[in-house]
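Chains here go by letter, A, B, C, D, E and F, matching the order in which they are written, and residues are numbered from 1 within each.
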Amino acid sequence: MRPSGRQPDELRTIRLTRRFTKHAEGSVLVEFGDTRVLCTASVEESVPGFLRGKGRGWVTAEYGMLPRSTGSRMGREAARGKQQGRTVEIQRLIGRSLRAGIDMEALGERAVVIDCDVLQADGGTRTASITGGYVALADAMTTLMERGQLKRSPLHGQVASVSVGIYRGVPVLDLDYPEDSEAETDMNVVMNDAGAFIEVQGTAEGHAFRRDELDAMTTLAESGIAELIRHQREALEAS
Amino acid sequence: MRPSGRQPDELRTIRLTRRFTKHAEGSVLVEFGDTRVLCTASVEESVPGFLRGKGRGWVTAEYGMLPRSTGSRMGREAARGKQQGRTVEIQRLIGRSLRAGIDMEALGERAVVIDCDVLQADGGTRTASITGGYVALADAMTTLMERGQLKRSPLHGQVASVSVGIYRGVPVLDLDYPEDSEAETDMNVVMNDAGAFIEVQGTAEGHAFRRDELDAMTTLAESGIAELIRHQREALEAS
Amino acid sequence: MRPSGRQPDELRTIRLTRRFTKHAEGSVLVEFGDTRVLCTASVEESVPGFLRGKGRGWVTAEYGMLPRSTGSRMGREAARGKQQGRTVEIQRLIGRSLRAGIDMEALGERAVVIDCDVLQADGGTRTASITGGYVALADAMTTLMERGQLKRSPLHGQVASVSVGIYRGVPVLDLDYPEDSEAETDMNVVMNDAGAFIEVQGTAEGHAFRRDELDAMTTLAESGIAELIRHQREALEAS
Amino acid sequence: MRPSGRQPDELRTIRLTRRFTKHAEGSVLVEFGDTRVLCTASVEESVPGFLRGKGRGWVTAEYGMLPRSTGSRMGREAARGKQQGRTVEIQRLIGRSLRAGIDMEALGERAVVIDCDVLQADGGTRTASITGGYVALADAMTTLMERGQLKRSPLHGQVASVSVGIYRGVPVLDLDYPEDSEAETDMNVVMNDAGAFIEVQGTAEGHAFRRDELDAMTTLAESGIAELIRHQREALEAS
Amino acid sequence: MRPSGRQPDELRTIRLTRRFTKHAEGSVLVEFGDTRVLCTASVEESVPGFLRGKGRGWVTAEYGMLPRSTGSRMGREAARGKQQGRTVEIQRLIGRSLRAGIDMEALGERAVVIDCDVLQADGGTRTASITGGYVALADAMTTLMERGQLKRSPLHGQVASVSVGIYRGVPVLDLDYPEDSEAETDMNVVMNDAGAFIEVQGTAEGHAFRRDELDAMTTLAESGIAELIRHQREALEAS
Amino acid sequence: MRPSGRQPDELRTIRLTRRFTKHAEGSVLVEFGDTRVLCTASVEESVPGFLRGKGRGWVTAEYGMLPRSTGSRMGREAARGKQQGRTVEIQRLIGRSLRAGIDMEALGERAVVIDCDVLQADGGTRTASITGGYVALADAMTTLMERGQLKRSPLHGQVASVSVGIYRGVPVLDLDYPEDSEAETDMNVVMNDAGAFIEVQGTAEGHAFRRDELDAMTTLAESGIAELIRHQREALEAS
C-alpha cells in the first residue's frame, strides 16, 4: 500500500555516520532512507547575552537545505537575505527538542550550536535532524569530557523524533516525500528514552482528524521512536 | 490553585466585539480575559502568483504585537526590519488553521488576509487570534454575500482554538500569562465544530509529559473549544 | 460646505481615553472623530549611546498603522522588512515635538518611547498622535513620581497639534480624510500651551499658496490648538 | 554678528555650474558658499507602476551625502543597507518641491530622477539641492526638446529654496553650518517664481518661536528666494 | 618542506564523485585532499530578464560554506541575512569561469545554476568548486541530451582551476589551509583544456612579488591544471 | 586603432587634484581621462574589534558610483539596501592594495577609511581609485604628522594601479569605456614603486588568453604603473 512497499509501522533504513566531517566537536550524517542531513555540534565558550554570568549553558540549532537537495531547486536563503518561515519554525523545534535532553547547569557557561544541513531531502528532514542532532550533541559532550572541560556528561536522556501521518486513511510511520505530499494529516513527535513526550505537532492537511486517529498516530510514534533510540545507542556505543 | 482562582477546566471571560473598526470587511476585537487582539479580515480581488488562474482562493494571516502590549516594551518589528521567529510561527499557524474551515473553490479567485494585532497580551494570544480571526473571516464572507460577490458562504465549519497545559502538576484550560510562564507543558489545540482536530502543538517546557497527561490535556481542549464554538455562534447570530 | 458639515474653524469630536491598556506607564486612546490612535509611553532606565553618562534623558517616538486601519489594506511594514518614508517622517516629527515639552535634565538618564499605533485612520493621524502622545507622556511622568523615581515633573509645557488646509479655496481646521485627499494645501502645526510654535509643516498639494493663505491657516491653527490644550488639561485633571 | 560676517538678509556666494558631468541629461554643481551638491537629472522612458498607462509623467529625487562630505565621517548608507530617516525626509521634500514646478501631462509618460549628492556639506544641503535640482531639471527638459521628444517645456515655474532661522535672537537668511548647529529655530522654505509657497518646514530647536518670529522668517525667505530665482535664470540663460 | 610532505609541484589527492545526490541534473562531490565541496548543476527552463527572448542561455554560480566546514564555526549567512564579500567574490569567479567553457547560443534559452557548498574546508575551496562545478555542468548537459532537450553538447572546452603561491620563499602548487594561512602570495588560476587562461588572480599577502615569482607561479599552475583536466576527463569517461 | 587615438602603451591624461574637499584628512580628485573619482581618507582613532588592543592600525576602503556617473542611470545602492557584488569586490581590492603600502604597527591603533566615489565613469574606475586613494592616504599621514600624532610616516612604498587588456588583438594600456566594453581580456594590475606586484586580476571576456598575451600585458602594466608612480610623486611634492 505504501509507495515504498513498507509496512505501516516500518521505519525507513536508518543510518548514523559519526565523524562525517573533521572540524566539529560532533559531526553526524543521519539518513532516514534517501533523506540525508549533516548534523554538526559546535561548542563555543560563551553564551548569549541573556544568560551571561548565570553559570548556565545553552543549546541552539540552525537548519538549512542545500538549494538542490530537493526535486526542483529552491532559492538560496543567504542570497535572498532571509530565512523562510518554514526554516525558522524547524530550527526552533530542533533547538527546543535538544535542550530538553540536557542539564544546562551541568553544561556550564558555554553554548552548543547544532547545524542541520540537508544534503538530500525525501521527507522527514526535521525528524532526522533531531535524531541525528542528538548524536552530534552527545559526541560533542564526549569531546568536552576528553578535553577535561567537563567532568561528567550533562545529558540526562536521549532525544529522538519521527513523523507519523494518515496516508490513504491508514496511520503510517516515518513518511517519505511521496507519502508526505499526499497525506491527509502529518504529525511530528519528539520523545525521550523514558518514553515521555517533548513535542507533538500535528497538522490536518486535507481533513481534520478524529480523536481516535490522533491516538493511533501517537501510539505509532511511540514505537518508532523507541526503535530510533536503539539506533542512536548502537551508533554511540560503536567506537 | 490557579492564580486567577479559576477551576482547572474554566475558560477566562470571552468577549467577541464585531465591527470594532470601520474599514475592514470583518473586524473583531477578541478578548480572552485581559488578552485583547484586534482581528481584521481584508478581501483582495487577486491571489498569490502560485494560485493565479486556477479558480481557487486563499486565506493567509499576519500577526503582530504592539510594542507595549506586554509587561516590558518589545522592539517594534517594523523598525528592526525583521519579524521574529515566534511571529512567523504564529502567523503560519493562524493561516493554516483558518484555511481548514473554508472551501477555496467556493471562495473563488480572491484572497483574504487576516491581521491579528495584539493590543494587550496576557497569555494565549495565538489561540485568541484564531478564535477571533474566524469571526472576522465569517463577517467578511457575509460582506461578500451582501455585495453579491458570493452566492453562498464558502465556510464549511467553525474553527476555534484554546491552550491547555500542566500547571503545578494539574492539567488546566486556557492559561493566562502567570500560568503560561510557569507551566511545565503548554499545548495549543485547534478544532472545528465537528469536534475534529486541525492542529495540535504540545511542548514540554519543564519536563517531558507522559501519555496520560497528553490524553488529559486533549480532553480538556475538546471541552474548552466546544464552549468557544458556542461563543462564536452567539456573536455571529447577534445583529 | 465641508463633507462632515463642520464649520471651517471647527474641530472634530475629540476624545482622550487614559489607561486604555494596562502594561504601559502611560496609555491613551486618542480620537479625532473617526481617527483612533493608541499612544503608549514606555519608560526605560537607560538612554541611547550618544547620551550615556551625561545625566540627561531622551524621548523618542515610533509610529505605525495597523494594516487595515485604512480603506484598502496596506502591506505590514514588519513583513516587508522596512518602514516607509512617510512612517519615518511622522515618527521623527512626533519625537521632536514631544521633546520640546520636557526638560531632559529633570527627566534624568532614562528614555521614554512613545508608540503611536493607528487603529483606525480618517485623516490627521500625526496630529492626533502628538496630541494623545503628550497625554501618555504626562501619565508616564506621573507614574514615575508616584513610584518615587522623580521628585517633580520634568514637563514644562503642554504640546498639541492640529492640521489646517485650504479646502475648495477656504482655510479649514482639522481635515478629515475626504478633505485631506482633496485639499490644495495641507499644513500640520505643533504648538505649546504658551501659544508658541514648535513645528510648522505646510505643503502645497495642488497649487502653491499665497502669503495671506499661509497667515490665515496659521491663525486657524492657533485657535484649534488652544482648544486641544484644554481637552488635554481636562483629561489629565480627571481621576 | 554672524560667524561669516554676513548681513542677516545676505545669502552666501551662490554658484550654479551646468554640465558638471557628461552623462546626465542635466548635471549641475550647486554651491551655497562651501556647501557643494552635485544635482543630476536622468530621464527614463517609463513611469512607476501606479502611473502606467495614464499618459502622465513623474519626477522623483534621491539624496545622499558622500561619507566624508562632513566634519567627521558618516557611515555609508549603502554599506549599512539602509537610508537614514533624515535622508528619506530630505529626498521626499526635494521630489515634492520639484514636482510643483512641472506639468505632468505635458511631460508625458516618462520619469525624471533628480540625484542630489553632497560633495561637501556646510549647512543648507537640502535647500541647495532643490535650487540646483531645478536647474538640472530644466536642462533635462531642454535636452528632451532638442532631441525632439518634447515640443514645449512642461515646466510652468521656477522652484528655489532657502533656509531661514533665529540665530542669537535675530532672524537670518541662509544659515551655514556654524549657525545651523546653534540656531534656536530653523525653517526651510520652498517657493516658486510667482512668489507663492510650495513648502514651509519650521522647527523649534531650542525654544518655541512666536508668531512675529514666524512672520519675520517668512518675509526673509521671500526676499532670499527671489534672489535665488534670479541666479537660476542667469545660469540658464548663459549658453 | 611542505606541512603535508608534498613536493612543490604536487597536487593533493583529487577525487570526483559523480551522482553524489539524486535530484540535480549534475551532482559531484569534489575533493582536493580534505577540502570537500558538493557541486550541483540545476537546469531551469528560463533565463534572467536581461537575456529573455534572445535565444541565449546563462550559467551562474552560488557558493556557500556550511557553518562548521571550518576549524571554528562561522555564522550562517542565511541567518545574518547577508552574504559576505568573500562569498560574493567567489561565486562571481566560479560563474565567470564556467561561462568561458560553454556556447550560450548552443545552450539555448535556459539557465544552469551551479551550487557549490563546502562540506569541509582545508584551503582551495574556490578552485575545487570550479573544477568540480565543471564536471557537474558536463553531467547536466548530458542529462539534457539524454532527455532530448539538446542535440549536441554546448560545451566547447574543459575548465579547471588550481591555486599556486609562494610558501616560505618557494613556489608551490595547490595550497592546503596550513600553507594558505602562512603564504606570502596566493594566486588562483583558471584555465581551459587548450592551455589558455580564463582567470588569473594573484594577491600579495606578505610582501609584493617579483616578476620572476609571477612567472614561476604561472608555470606551476599550467602543469597542475593539465593534471586536473585529466582527472575530469577520467571521471566523465567512467560510467 | 584605439577609439581615442592613443598609442597602445599610452595612458590617458592623468590629473591628481589634492584638497578637493575641505573636511577630510586627505581629499583627492583623480582623473584618468574622463573617469573622475573623489578619494577621501578619513582617520578614526579606533580600530575594528578584531584588532583592538594589539597596537596595530588598519586601512579599509569603500567604493561607490553616483547613480548618474554612467551612461544610463544605475539604481542607488543605499536605496536598494544592498551593495552589488561588483562594488564589494572593488572595495575589497582597493583596501587590500593600499594596506600593502603601509606599516600597520607604525600607523598605531587607528583606522583610515578610503572612500572612493565615482563622479564620472569612463572605464578604469578601480585603478583610478587605487592610484588616487594612495595620494589621499599619503596626505592623511602628513596631516597626522603635522598634528603631532605620528612622528614619521608609516608608508613604506607608493601604490598605483592600471588596467591592461587585449583590444582587437593588440595589448593596450589603460582602457577607456569604449575599449573596455569590447576587450577580449581585461587585467587590473597593482604594483608598488619598487616594481613588485601587489595584485594581478586578469579575466578573459571573449576568448581565453595565451601565456604570451599574459606576459605582454604584464609588461605593459609595469611601464604604465611606473608612469603613474611619477604622477603621484609630482602631485605630492607640489605644495
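We take it that contacts are C-beta pairs under 8 Å (C-beta built on N, C-alpha and C of every residue); 3 or more make two chains touch, one makes a residue touch a chain.
According to UniProt, the chain labels map to these proteins: A, B, C, D, E, F = Ribonuclease PH.
Here the structure is a predicted model, which is why all the values come from computation and not from measurement.
> Which contact partners do subunit B and subunit E have in common?
A
> If you walk from chain to touching chain, how few steps can bring you from subunit A to subunit F?
2
> Applying the touch definition from the top, give me the chains sitting in contact with each of subunit B and subunit F.
In this structure, no chain contacts subunit F and also subunit B.
> Measuring centre to centre, with centres taken as mean CA positions, what chain is farthest from subunit C?
Looking at centroid distances, E is the chain farthest away.
> Given that subunit B and subunit C are copies and touch, would you call their interface same or different according to whether over half of its residue numbers are shared?
Mostly the same residues form this interface, as more than half of the numbers used are common to both chains.
> How far is the middle of subunit A from the middle of subunit B, if each middle is the mean of its Cα atoms, in Å?
Centre-to-centre distance between subunit A and subunit B: 28 Å.
> Please tell me the distance, in whole Å, between the geometric centres of subunit A and subunit C computed from their C-alpha atoms.
It comes to 51 Å between the two C-alpha centres.
> Using mean CA coordinates as chain centres, what's the gap between subunit C and subunit E in Å?
Each chain reduced to its C-alpha mean, subunit C and subunit E end up 59 Å apart.
> Provide the list of subunit F residues touching at least two other chains, using ranges where the numbers run on.
81-82
> What is the sequence of chains around the ring when one begins at subunit A and proceeds first to subunit E?
Following the ring from subunit A in the direction of subunit E gives A, E, F, D, C, B.
> Along subunit D, where are the residues that touch subunit C in the complex?
Residues 85-86, 88-89, 91-92, 96, 100, 157, 187, 191-192, 194-204, 207-211, 214-215, 218, 222 of subunit D touch subunit C in their complex.
> Which residues, counting only subunit E, touch subunit A once they are in their complex?
21-24, 27, 34, 36, 38, 40, 42, 44, 62, 64, 66-71, 73, 76-79, 81-83, 87, 113, 115, 117, 119-121
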